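Both complexes shown next keep subunit A, but they swap its partner, so subunit B is in the first and subunit C is in the second.
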Partner chain A sequence: MLRREGYSAAIAKFNGPDDTGAVIARAIAEKPRLIGLSVIFQFSAGDFLGLARQLRDAGSDAKIVIGGHFPSFEYEPLLLHHPAIDIVVRFEGEQTILDLLRALDSPATWSQIPGLAFRQDGSVHATPPCPLVADLDALPFPVRDGEIKRHRGVGDAALLGSRGCYHRCSFCSIGAFYHQPNGRPQRMRSVRNVVDEMELLQREYGVGLFIFNDDEFFDLADPRRPLAFADELESRGLKGKMFIKCRASDVDEPVFSRLKEVGLIRAYVGIETGAQPALEVFNKRLTVEQNRRAVTTLKKLDILADFKLLLFNPYTTLMDIEDNLRFIDDLAADGCVPITVARMEVYSGTPIMERLRAEGRLRGDYVAWDYEIEDPAAELVFRQMLAAMYRRNYDLEGLSKTAIQAYYDLLIYKHFYPKKYEPGIEDALRRIVAKLNRHTVGVIRRLLAYARTEDLCDVARVNKLTIELALETNRVDMELGERLRRWRLRLNRLVENAR
Partner chain B sequence: MKEQTPRKRRAKNVLATVLLGETVAAGLGAAGRPPQICDPVPPPPTVTPTAGGAPTPPGGVVSTPTPGNPTATPTRTTTPTPQRTPTTNQTPPVICDPVPRPPNVTPQTLSRSLPLQERLQIKIRPVEERPHTYSLDANFSPGDVRWLVTGGTLELNDRTVVWLPPAKKGRYLLQVVVDAGPAGVAVDALTVEA
Partner chain C sequence: MGLDALLVGAEKPRELGIALFGGDAAARRI
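For the complex of A and B:
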């Protein structure tokens, strides 16, 4: 967008504090007039705020502009408490950032630009949101500076076929982000436009794996769209594989069967929970039966069904937790996917945040909202699970994460080197992941058993059980991690032979 | 529509810094990026974060800063990122949809009526390879620290521990346990190689 308008613009990678030095070096060397920080996720906010401060300390005099989901809602405290941030671009930013660049040296005119928040005379001023981009096809394709990532000989690229989502899940900031400005909350690029970009990516960059990061891949208003998309891919002879994201209610066997024919190999499904009361809390407007059917259908079609379970929310009961464990027993005990269990976290702008605030239960601050579960027994299970399985579930090198990466490797091998594919490698991975999933369930069942019958406030016994389970989890993870390491060595040999 | 090349470049520069190499999972309940070991940098301690994000009325909104109150600001301790041995020489792209991580909170924000009142975090950090020396990083002041290993012996020196490997080559599990009573417990583990 910026380049089309004649501005010189570049993208710098920032995945966390490790990238700070490189970004600062570049900012100092290239002396941009404006540095834009794209903060989608609330818990990356601290990293970006640290970067902004260090950019300033290093002497950058660029206007530092922050945008994305989180800043759109929390612009006021961000501007009040972080002097390194000059301006917040709220909601979709294409038009706003252009207008801002044209007026960058005239702060007196910023109040005329929709979608901005900024400090003036010691106060924060916010203009009304800019209307959402009505025609996504009018936007240029995203810039792909630098080399496309390649893994095991396969280039991959992330892309968006749409923006936004019609649904209003209570914990999700997407709904609030796209429902607040004027415009349709979910907009689709035309099928032709999307496939044009895929063709370009394949032709110019050798991309073989297309990772669709749409908030919701499917169009509520146009159920035929995925079939038209498949037809378009087929008519152009585009050979590639795809990942998509969707809701459980989207998983329709004939449609997914057709998408599989044109390259779909993995679907991340927003299952969230296997407990009906939790689905109600999340306002998912789905049933557990729909969730079950979605996973079963994808397994039947041999499309990797990836999902996570938000085992805990502010209203979780022990019964909800048990329902979730049964869900895992029924659908993932075979190791078809590594199950990660987590708690619903509170994001700014969401209905659940407002509900907790109204109930006087919202804790923490705008950088990291927090809460306690209403039922103390469920709260204790959460605390124990967090302490006992933090490394497995949350650590970058934890077993859940490495097992998911192993499945990614398996998909690459299976679908990009099919002639040399040895099915035994998949069975071996499933056995490892099955043991991982069953152990996770077993640990939580033991916590449930304690919470149902024992003294919740007995510090010594609670601590003893938590430590015991943590030590056991680490031992299991070491054993499974070692098996996973050997599995990966075997896969390496198979892929090398296949290439 | 194809990517367009600008006909002319004005002398205006923009550096856009974005999260790359990850799946944007927002909207499906897994919003977030992969959790990092280090805690987020805390906001400046002299201000009071206030709950913002109220819908903007037509015509915009003007707000005034609130005087500072450092007690409302999370007081987190930054945990250095430990150096660990990569598990594979081929790192695949981050395709997993990240798990939302609970925030680290100050003790007073959790209920005092239940155990595990704080979210304590510890991390074993390799310090030296010869001899095998490890230290403990923590987001709190750990009192009673217990180290365990599945092979060989351990020598404790203040806040570090030296592992004396067994004669048999192989991988062993080094674990550290902190029991801080009502505040909670923390356990970390590291695979070590003889």
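For the complex of A and C:
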């Protein structure tokens, strides 16, 4: 967008503090007038704020601008507490950042630019949000400078066929982000425009795997769009594989069967929970039955059904936890996908944050909101689960994440080297993941049993049980981690032979 | 003459689909 308007712009990656040196080196060498920090995930905000400070300390005199979901809502404390940040761009930023570049050296005119927040006379001034981009086709394709990666011989690219979501799930910052500015909360690119970009990616960069990161792949207003998309891919003879993200209610067998024909191999489904009361808390407007049907349909079609479970929310009961364990028993005890269990976190701007605030239960601060579960027994189960299985569920090197990476590798092998595919390798992975899922369920069942019948305040016994389960989890993770390592060596050999 | 804009962002881990993170609040409890 900036380049189209005649500005020079470059992209730098910042995946964490390890990349700080490289970003600073570029900022010093290339002397940008503006440095834009894109903070999509609230958990990484601290890293980005640290980077802003270090850029300033290193002598960069660029205007430092921060944008994304989290800064759009928390612009006020960000500007008040972080002097390195000059400006916040709120909500969709294309037009705002362009207007800002045109007026960068005239701060007196910033108040005329929609979508900005900045300091003025010691307080924070915010202009009204810029309307959402109405016609996504009018935006240029994203710049791909050196971005295409190859993994096991397959080039992959992330892309968006749409923006936003019509739904208002209470915990989700996407719904909040797209409902505040004027404009339709969900907008679709035309099928033709999306397939044009896919064709370009394949032709210019050899991309074979298209990872759709749409907030919600399906168009609530046009159920025929995925079929038109499939027809367009087929008519142009574009051969590739796809990942998408969607809601459980989107998983319709005929539609997904058709999408599979044109390359769909994995769908991330926003299942969130296997307990009906929790679906109500989340305002998902779905039933557990729909969740179950979505997973079953994808399994039947042999499309990887990827989902996680938010086992805990501010109103979780022991019964909800039990319902979730049954959901895992019924749908994932076979190891079809590694189950991560986690707590719903509170994101800025969300309805659940406002609800907790109104109830006087919102803890922590804008960097990391926190809460305690209403039912102390459920809160205890959460704390014990966290202590016993933190690494398994949350750590990037933990087993639930390394296992989903193994599934990614399996899909590459299975779908890009089908002639040399040995099905035994999938069964072997399933066995490892089945054991992982069953163990997770077993640990939480023992925590549930304690919380139901024993004294929640007996610190010595609570700690004893937690330590026992932590040690056991560690043993199981070591064993399964080793099995997964050997599985990966076997897969490496198979892929090498197939290439 | 330097660049007009240097845009800095995180790469999304492609293998993970959607990764759940505990956030600082949950991690602090350990």
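Quick note on the criterion: the second predicted complex is superposed on the first by the 498 of 499 C-alpha atoms of A that agree within 3 Å, B and C clash if a C-alpha of one lies under 4 Å from a C-alpha of the other, contacts with A are read in each partner's own complex, and residues count from 1 in each chain.
Methods note: a contact is a pair of C-beta atoms (placed from the backbone, for glycine too) under 8 Å apart; a residue touches a chain by one contact, two chains touch by 3 or more.
Just so you know, these numbers come straight off a predicted model, no measurement behind them.
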Which partner reaches more residues of subunit A (counting touched residues only), subunit B or subunit C: B
Subunit B versus subunit C as contact partner of A:Asp156, first or second or both or neither: both
Which superposed partner A:Phe229 touches (first subunit B, second subunit C, both, neither): neither
First, second, both or neither for A:Leu471, with subunit B first and subunit C second: first
Partner chain(s) touched by A:Cys169 [first = subunit B, second = subunit C, both, neither]: first
Subunit B versus subunit C as contact partner of A:Glu76, first or second or both or neither: first
Touching partner for A:Gln180 - first (subunit B), second (subunit C), both, neither: first
Touched partner set for A:Tyr450, first subunit B, second subunit C, both or neither: neither
Which superposed partner A:Pro17 touches (first subunit B, second subunit C, both, neither): first
Common ground on subunit A, meaning residues reached by subunit C in one complex and by subunit B in the other: 2, 7-16, 23, 26-27, 30-38, 40-44, 46, 48, 51, 62, 97, 101, 149, 156, 158, 211, 213, 243, 245, 268, 306, 308, 310, 340, 342-343, 345, 363-364, 367-370, 383, 386-387, 390, 393-394, 396, 401, 404-405, 408-409
Touching residues (chain side subunit B, partner subunit A) in the complex: 1-44, 47-53, 55-56, 58-66, 72-74, 81, 84, 87-88, 90-93, 95-105, 109-111, 113-116, 119-121, 148, 150, 171, 173, 175, 177, 179, 181-182, 184-189, 191
Residue ranges of subunit A touching subunit C (in the complex, touch as defined): 2, 7-16, 23, 26-27, 30-38, 40-44, 46, 48, 51, 62, 97, 101, 149, 156, 158, 211, 213, 243, 245, 266, 268, 306, 308, 310, 340, 342-343, 345-346, 363-364, 367-370, 383, 386-387, 390, 393-394, 396, 401, 404-405, 408-409
Subunit A-touching residues of subunit C, taken from the complex the two chains share: 2-30
